[in-house]
Amino acid sequence: MIRVGIAGATGYTGVELIRLLVDHPEVEITALTSQQYAGQKIQNVFPSLAGRIDLACTPLSVESLSAVADVVFTALPHQSAMEVIPDLLQSGLKVVDLSADYRLRDAAVYEQWYQPHTSPELLAEAVYGLPELYREAIAEARLIANPGCYPTSAALAMAPLLKNDLVDQASLVIDSKSGTSGAGRGAKTGSLFCEVNEGFKAYGVAGHRHTPEIEQTLSQVAGREMTVSFTPHLLPVNRGILSTCYAGLKQMMTTSSLLDLYREFYAGEFFVRVGDEGILPNVNNVRGSNFCDLGLVADPRTGRCIVIAAIDNLVKGAAGQAVQNFNIQAGLDETTALKSLAGFP
Amino acid sequence: MIRVGIAGATGYTGVELIRLLVDHPEVEITALTSQQYAGQKIQNVFPSLAGRIDLACTPLSVESLSAVADVVFTALPHQSAMEVIPDLLQSGLKVVDLSADYRLRDAAVYEQWYQPHTSPELLAEAVYGLPELYREAIAEARLIANPGCYPTSAALAMAPLLKNDLVDQASLVIDSKSGTSGAGRGAKTGSLFCEVNEGFKAYGVAGHRHTPEIEQTLSQVAGREMTVSFTPHLLPVNRGILSTCYAGLKQMMTTSSLLDLYREFYAGEFFVRVGDEGILPNVNNVRGSNFCDLGLVADPRTGRCIVIAAIDNLVKGAAGQAVQNFNIQAGLDETTALKSLAGFP
Amino acid sequence: MIRVGIAGATGYTGVELIRLLVDHPEVEITALTSQQYAGQKIQNVFPSLAGRIDLACTPLSVESLSAVADVVFTALPHQSAMEVIPDLLQSGLKVVDLSADYRLRDAAVYEQWYQPHTSPELLAEAVYGLPELYREAIAEARLIANPGCYPTSAALAMAPLLKNDLVDQASLVIDSKSGTSGAGRGAKTGSLFCEVNEGFKAYGVAGHRHTPEIEQTLSQVAGREMTVSFTPHLLPVNRGILSTCYAGLKQMMTTSSLLDLYREFYAGEFFVRVGDEGILPNVNNVRGSNFCDLGLVADPRTGRCIVIAAIDNLVKGAAGQAVQNFNIQAGLDETTALKSLAGFP
Amino acid sequence: MIRVGIAGATGYTGVELIRLLVDHPEVEITALTSQQYAGQKIQNVFPSLAGRIDLACTPLSVESLSAVADVVFTALPHQSAMEVIPDLLQSGLKVVDLSADYRLRDAAVYEQWYQPHTSPELLAEAVYGLPELYREAIAEARLIANPGCYPTSAALAMAPLLKNDLVDQASLVIDSKSGTSGAGRGAKTGSLFCEVNEGFKAYGVAGHRHTPEIEQTLSQVAGREMTVSFTPHLLPVNRGILSTCYAGLKQMMTTSSLLDLYREFYAGEFFVRVGDEGILPNVNNVRGSNFCDLGLVADPRTGRCIVIAAIDNLVKGAAGQAVQNFNIQAGLDETTALKSLAGFP
């Protein structure tokens, strides 16, 4: 059994990690940290967990974690994560970090979009945890930077086109819509039920922090600098991201041939499902699961290919992908504890 | 491996059975019947299932089912179920019936609330599949009548009080609220998104067909005739039933002593979770899971005990309980394929 | 033109008062107070208001209000309201108070459910603003205590039965469900979208503060002490209350004769709509409007009458009823600015 | 009083027309036609209307309509509309048509995206009813083709940029999201609550029928042929369209200067509200109202301007704009019966 600690267990990503890991046959959860709920039983904080776990939250302490855990999932806000991760590594723990702190290769880019970085020396070591693109490096990693939710959807949607050099340089528009759990569990007016329900809006237009992360991955895959227009929106659903991606094609192709190309690119990938022609993704088909559903349409009228990706932002966009990375890192079957289907409806 | 067929696989109960059974280590799904989608791949009807099952729907045929299956789950409308179940049994199959056709002991009562019964002789044999109350009989059953969703919540909420003879005879009021999946997948105006969303209403007031089923179980447990006021309401959520039950107490007790009594009654029951004092059920803590959450408050001002039960109407209220019954019938661990927690949020 | 100030303009009740009053032909809104948003334009706080009002929020000051207003609507939390209302009255202003502070006749009851009362001498003067029951007194009032949302629904649902002495003394059960705007605009974890959406729960069971207010009105109408079981629930909709009321009848009557009795009781009342037999209320038929929809079913099996009331908690349950009271107090047509229908869907 | 008939009164657009027109001081509703509900009182079909109208639905008959009405709003499906409109005009009635049948100037384009046109001779006469662009022609029109919901949002979002020739020819991407009422009131599986709620998907990708309508208006405004990528999505809300529009700018401008340009373009337009810098539209600020909210951000990184428009698809996108057109046609104040604000929340 691998002993696992979760730092930041009482946010939406934390509770989702617990849900997935209690069903993991090789994992024992040994520590749950929480600033706000320290001392409280996790099953009283989240009654959904009752019957499967009986563990009290503790304050975050590197010493305590290293005493009981082999691996730590850090589900902390950015900046808080990098305050503790160097020490966790120092203590001999492996870390799967769900924050943004180690995702960007370039400290300067990080500092431009976030704030000063206090352990830039780890950026070179950290492996970007998108298994479908970087599986081999993940297997060797001590520190895995689990991708952001929007970037996961964008990268999986665009990788086959970019890898095959089919896209006009400056043509990319990524219009994404996320469920409200993506805004976290902080008590903010803007996240109140009555403010979100029956509403819909864009936010962070032309300035969202996931933009450089998206561009970093797309550029790596394309082998050249890619710039994208990325616009996130707030959906009145709990979970789910749908990204509608517009790519100008260097030369027109049919929907059918593009689908072939996608199926080939993702052959053998359990978690990427490419829909048949005419079947487009819906976030309710992936809710609660680790799947990424892809669909596309070529539009000869405009010379664009429209690719649509759906994931659950808390699973493939966060906790599920973290467990997938953990499995790879641990040498386990990558799909362990992750095969469950979405409950529809 | 036990070979399983699902008759009526393309309703909401059908797809939920598939979701649960693809994760069942002792089950092979061998047949899915559907009138409307015969000939189509189930994963194109429900893209949520893609990657885990690859099976086409077939028309319902007793002959075909008996050729490939050991057990059949019938997820058909009432009346349609009893048209086929006698023949399924005749062919040597075991049946878990999710319709209402074999739930009522008394054919006269059935006929008063539904329509003429065409196989009343099976009513004596059929076992009412509420494991927490009738586990032994279920283990021996050839035909299991899987309980209705509302009756499951009402029976689990009231059983401890009634078994201990604490309730005033004519005092029971059961005010239930169900998610919209309970209305089924039929294309009716009243089930349209815009009619249900941001709405809330009662329906079937003083006349809902689950009333005699509730009264049958409560009377059996109480050992005397119980009559209840039962009012269902339509909730703008996909899944979940919350039943708020009002019982006049013969003599007042404290919340704490009543909770003790409930914990004792349900000791050892994996799927019934009795909340601590002050913790009351919420449907979002059971969504997608087979748990029934119970909470209660004693009210000395009015002499009533208010008991609240929450289940997922498609799981503990239908498909999950059916699998639980199947496990018992098959001699398997009752919790097989049913231990997953709700995804919160 | 009557000059109107709104104290507490940036809660959900405040913004609803503004919405209704900008369409009022006899009203000029001259002051909007807000602690949190003082100095900000109200149309930037609530962009829904843009184009119809251009006014900055100010800190609450009795002096300022009395300089510019004839009437003040106080949409403040309980306790905050009674800190300012005596001074407002002293300054010669009329007050429609939407808080709970002056609703209960008996200071001792208030103090039992809330906290010490600092101006109990005003309780005798304050008029409970339920126009369908107390219209004459409202017309003369200087201080109107606008009813709570749940109590409005319960009183209108039960008044005809109680006035006609048809109800068994201890039989009343009122099971109410409210949209989330009833929880206010405070940034609390429990009001977050992801906590409420797809959820449903009871709260304040056997202890909600609206209980004594309900009992006060029902007792007055009945002419004897009425005790009720009242259970509120949180609905995942923005607006709307549906109260399902169970009353044991002294002697059984038909649905049809009870409906006649209700229609007679509410004859001439513009805002109370009694449905035909078979038509039951739905909150989406009253959303945004000042109507209270009533429906009922007599149940000879149990000897109960089930009465269902639907209102918009922010309109007939708060701001709309406040404007109705204001109209009466000002000698205007009671329906002024209140005739609009719900937008369905 | 102008006598008004509504053909197709029992769809979502029909009931919204009724809601708006019962508050119109110059209108008397004299006829409501409905195939499905002929003979039934409209207030029993839509209990939301009770108390304000008492009228039975009748079958559609040109003779009957011309006997009682001066103007007819046709809220019929496309193709059904053109079966009756020539006769309505022949009878001397004025028509505001909410279908797609007379929106496209070019019969060949209509036939390519819809089906054969049976009265192409009327296309030259029909006036496209977007008042902010074509007010003068509307005032003279006998037949007004009320714009589609998506095209209204796209045209108002893009007109200032195109009129000022700021946009790169082939750069337009319009990513739109619509509430479910846009799918109509037909009982289709895809519109069921459980299929839509907690879901989100694109549909009609690269093939939606509103594409040629959008391109027609944008081309007229631009004075050259404009081609757009248009992708509609289905939002789990009742009402509202948000269109996120991406335009490559011929030369970069600041957000502030672009906002000035928009404010100038829409100066004096009551129903178009241009947000201050940093304030972006949300569908919940326009719900139930006839406003179109606009916001924008210039993105120097990509050379694009992102313009966002929010309308209520049933009001400014259908019934409200129809009443606005009717007001203009009738020589009334354009805002009559249309000034109400959105109820937030």
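A, B, C and D label the chains in the order they appear, each numbered from 1.
The rule is short, and it goes like this: a residue touches a chain if its C-beta (ideal position, glycine included) is under 8 Å from a C-beta of that chain, and two chains touch if they have at least 3 such contacts.
Computed from a predicted structure; not experimentally measured.
When chain centres are set by their Cα atoms, the one at the greatest distance from chain B is D.
Interface comparison, B-C against A-C: more C-beta pairs in contact at B-C. If you average the CA atoms of chain A and of chain C, the two centres end up 45 Å from each other.
The mean-CA centres of chain B and chain C are about 38 angstrom from one another, to the nearest whole unit. Of all residues in chain C, those touching 2 or more other chains are 12, 181, 194-195, 197-198, 236-239, 281-282, 284, 287, 345, listed in ascending order.
Those residues of chain D that touch chain A in the complex are listed here as 170, 173, 175, 177, 194-195, 197-203, 205-207, 227-229, 231, 233, 235-240, 242, 244, 246, 280-284, 287, 297-299, 301-304, 306, 308, 310, 345. Put simply, chain A touches chain B in their complex at residues 12, 15-16, 19, 22-23, 44, 46-52, 181, 198, 238-239, 270, 273, 275-276, 279, 281-282, 284-289, 291, 293, 314, 339-345.
On the side of chain C, the complex with chain A involves touching residues 12, 180-181, 185, 187-189, 191-198, 236-238.
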